[in-house]
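Note that the chains take the letters A, B, C, D, E and F in the order they are written out, and that residue 1 is the start of every chain.
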Amino acid sequence: MTSRFVLPVRDDVDLVLRERWTAETMHRLAVANIDRLRVWEPWAQGEQTLAALVAFDRLQLLDWVDGRCVPTAIRHRGELVGTISARIDPYHRTAELGYWLDARAEGHGLVTACGAVLRDHLVAAYRVVRLEIRAAVQNRRSRAVAERLGFTHEGTLRAALPVGADRHDIAVYGFVAGSTPDD
Amino acid sequence: MTSRFVLPVRDDVDLVLRERWTAETMHRLAVANIDRLRVWEPWAQGEQTLAALVAFDRLQLLDWVDGRCVPTAIRHRGELVGTISARIDPYHRTAELGYWLDARAEGHGLVTACGAVLRDHLVAAYRVVRLEIRAAVQNRRSRAVAERLGFTHEGTLRAALPVGADRHDIAVYGFVAGSTPDD
Amino acid sequence: MTSRFVLPVRDDVDLVLRERWTAETMHRLAVANIDRLRVWEPWAQGEQTLAALVAFDRLQLLDWVDGRCVPTAIRHRGELVGTISARIDPYHRTAELGYWLDARAEGHGLVTACGAVLRDHLVAAYRVVRLEIRAAVQNRRSRAVAERLGFTHEGTLRAALPVGADRHDIAVYGFVAGSTPDD
Amino acid sequence: MTSRFVLPVRDDVDLVLRERWTAETMHRLAVANIDRLRVWEPWAQGEQTLAALVAFDRLQLLDWVDGRCVPTAIRHRGELVGTISARIDPYHRTAELGYWLDARAEGHGLVTACGAVLRDHLVAAYRVVRLEIRAAVQNRRSRAVAERLGFTHEGTLRAALPVGADRHDIAVYGFVAGSTPDD
Amino acid sequence: MTSRFVLPVRDDVDLVLRERWTAETMHRLAVANIDRLRVWEPWAQGEQTLAALVAFDRLQLLDWVDGRCVPTAIRHRGELVGTISARIDPYHRTAELGYWLDARAEGHGLVTACGAVLRDHLVAAYRVVRLEIRAAVQNRRSRAVAERLGFTHEGTLRAALPVGADRHDIAVYGFVAGSTPDD
Amino acid sequence: MTSRFVLPVRDDVDLVLRERWTAETMHRLAVANIDRLRVWEPWAQGEQTLAALVAFDRLQLLDWVDGRCVPTAIRHRGELVGTISARIDPYHRTAELGYWLDARAEGHGLVTACGAVLRDHLVAAYRVVRLEIRAAVQNRRSRAVAERLGFTHEGTLRAALPVGADRHDIAVYGFVAGSTPDD
């Protein structure tokens, strides 16, 4: 397996930054899962092109350089199977997590394991104090991940998420770091 | 009174874009009200310089050009007395309102009157579907404005707002436009 | 009528900044008047596309943010019917006015009324000392506006304006503000 | 003498682009002639720093790359003694000439000789159709150069040039190229 | 130990990207080793400031995003002890390695171990075909690393490296990847 | 012949900067010589478009403004017949020369004459201390030019130059300026 910069999760799982080399596989996964993704994700409504994904990944990595994003792909037994990323607001020292997984990779607890590592990475390496997960109210799978990661349901934002012609209500989950690392 | 581009509110009140000419007065008002502002506003913690305000105003106006911000000053009987602005997220068609008023201008219903006009401007001119107001839980005055403007308390985000050494819980208020203008 | 930021002119007339929302109508007006515009305007020689107009308007608004342009549309009884704009040279504290009107809106004194308001706005808000209007020597209508606005014919620049395959001589009209606002 | 890219004028005179290496000498000349320059030149009112000149020269050369400027220094017997430059407006195919000379280099016809070469360079290499020289009405020396170069006095713009606390009237001289090179 | 993205080398050694968090330690190491570094490194001649290092690191990471650089710090038993980085020329599919180590960390084979991993990373992940190491002819330690990594001495470039007032001859070492990964 | 900024070489030869006006002719020459150029030049492998050449020339001139490039065309009896350019590394005070000539212009010693002038221009005007010429080992004509210009063969870099599907070894030639101009 080609050597890569990784954030270790467990023996069979690690996180890799979404560098250029991940784009072809992640694009293929997005296309393969597009029907499931379209139910909840605004970005999944339109056509998925590799060029757009490459451009988006590059912007996210540039934000990573400046401490505003941690865009990762989930690698299971050496294969890319999904993504989990964080948008960081350094001004407020908050972050928001987002994730999706290839249908064939579900059932191994991958998102929960990776979410715990990324959550701790954000607190330790970026000194984030509060994390959020936002999920459409009906998206039970995503809400279950938030709960397994120790997040609390703090409120529901009406009509906050446009998905195609509809707008979903969003359940907001919050996590407050127990202690703040010293400066 | 020098002619300016205005959004009319009522006979004695209008909104002006925060162009360069508003900076000196707005800076003077911020300094005069700094003790009150520091209780709730992260940006009010440090020194207030005119140069920083000019730079910030310019960035907000550039965002206004691209439909991502409506930064205004409140003018009462021809004098600038406060500010009410919106950050727009065109991707989600949502916006967030923020405001503060010179202590001497309180008691005239200015923020509520201007907020109603700006709220309707966002819905009509930018086709925003959902608006938010975020206020620290203890900030009764700000929460009262949200309620007078017809916003609903949808949840409370813990530790979301850093103000000096503390972090406040934030009450989130939402407003959903009754109908969406046609494309 | 959707609320907009306006510079009031008279009961039935106001000026609006050429924000994004004005582009479709202004493009339609340009196309409808293209035969008249082509006689005097270099920009009217080629094809008129909405995309080019949107890009041009955006650049003008960015210049407005920095005090180098005031690009406006003329609104008569709530309908956009033409344009009057100023290029500002803050280094020399001079400005140049340009304008055109939909054929169906002529005869109401709109350009003269708006020109007087914009002229005074430039002097009061931007502290411009000298204004210019440049018109092709044969463009009697445009020259008449300059004269009605109190401008003086100061000279004629030979072959200064390329219009299609020809070059027109340009009559330069100047206006010097009687007094300069204090710093 | 160090080899340089030159536009030959006559045996003892050539023009060099105002590259980085010319800045120290041109700065020294500007300082030495500052009292004479301050009478007519807005830029000469403030302090003259080498850093500002280097930055200005660089911007002019970047414009030269894009066909919008020809910034040159006059070299007489191998020594830099003044400057003559053109701003080009490729949209209108017009250009404006400006120049000044070290006091000790006057009386050799340098500006006139260089102006003729630069004028012809603009017409031949940039296909400029109309050139202008603008001089304060009282600046007899500069006006005499315009006349010797075959330019015609076309008008006088009142209060067009701010020089310190005053504003000068400007005499506009025009030159129309006899024939236009083919496309 | 705070979780980080790593390229594993051996049980007690890994490589981390030179993100923002590495700057303080790397700056301290550079200052501590400055006398040794000044003998061979042009960049070590002047004052070492943290701000300059932060800016330089950021530019290198931005280049990493675009596949033109792999800037890493060497971590030994969890402590940063040196650096090894590559400049990549994607047009020619070549790369150049550079490295230095804290004096106290020498003698553990760290540079050689990390160099082998980075060399293979460049070939596998970036499809680099040729690698170079350039060392001053007298820099025996650096040349020994090149030889241990399987590089061949291909020539000596005279006066190629300015170090303070002197210029050193540079020995060029090349490594040609045995096989090229398929497109 | 249209007046241009030139670096004189000999009575029938001069060098001109590769300004916009040279692009059409240089593009025509590149197309006419493409079979010969493809043997040695990576850039010659793909299609040659005028638009790409214009963009490339512009970037090179922008680098020239900042002292990092001297891109010239060779003019023989008033006709453009080839190119000789230098990439400058101001940090190391080194430069690298590259050149090619229209087949019909060979045999007049043009490259050698121009190379000598450009070599001396780099040393005198840019204070370059070391120059390089890199040529594929089998490119006898290019190597002969290097030798006629007084360069020394310092080494051979294996597989350094990708040309189509192959990679050539490169012979590196160096020239060290005898004396450095004073600061």
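Just so we're on the same page, contacts are C-beta pairs under 8 Å (C-beta built on N, C-alpha and C of every residue); 3 or more make two chains touch, one makes a residue touch a chain.
Keep in mind the model is a prediction, meaning the values are calculated, not measured.
Peer 1: Moving step by step between touching chains, how few steps can get you from chain D to chain E?
Peer 2: 2
Peer 1: Considering only chains that satisfy the touch condition with chain E, which of them also satisfy it with chain F?
Peer 2: In this structure, no chain contacts chain F and also chain E.
Peer 1: Shared numbers divided by all numbers used: is that above or below half for chain B and chain C, i.e. same or different?
Peer 2: Interface between chain B and chain C is built from largely the same residues.
Peer 1: Which one of E-F, B-C or C-D makes the same contacts as A-E, at least in over half of the residue pairs?
Peer 2: B-C
Peer 1: Quick one: chain A and chain B, Cα centre-to-centre, how many Å?
Peer 2: Centre-to-centre distance between chain A and chain B: 31 Å.
Peer 1: On a C-alpha centroid basis, what's the spacing between chain C and chain F, in Å?
Peer 2: The computed centroid separation for chain C versus chain F comes out at 50 Å.
Peer 1: Name the ring's chains in order, please, starting from chain D and stepping to chain F first.
Peer 2: The cyclic sequence of chains is D, F, E, A, B, C, beginning at chain D and stepping to chain F.
Peer 1: Looking at the complex, which residues from chain C come into contact with chain D?
Peer 2: 42, 91-94, 129-130, 132, 152, 154-162, 167, 172, 174, 176
Peer 1: If you look only at chain C, which of its residues touch chain B in the complex?
Peer 2: 2-8, 15-17, 19-21, 58, 61-62, 65-67, 117, 120-121, 124-125
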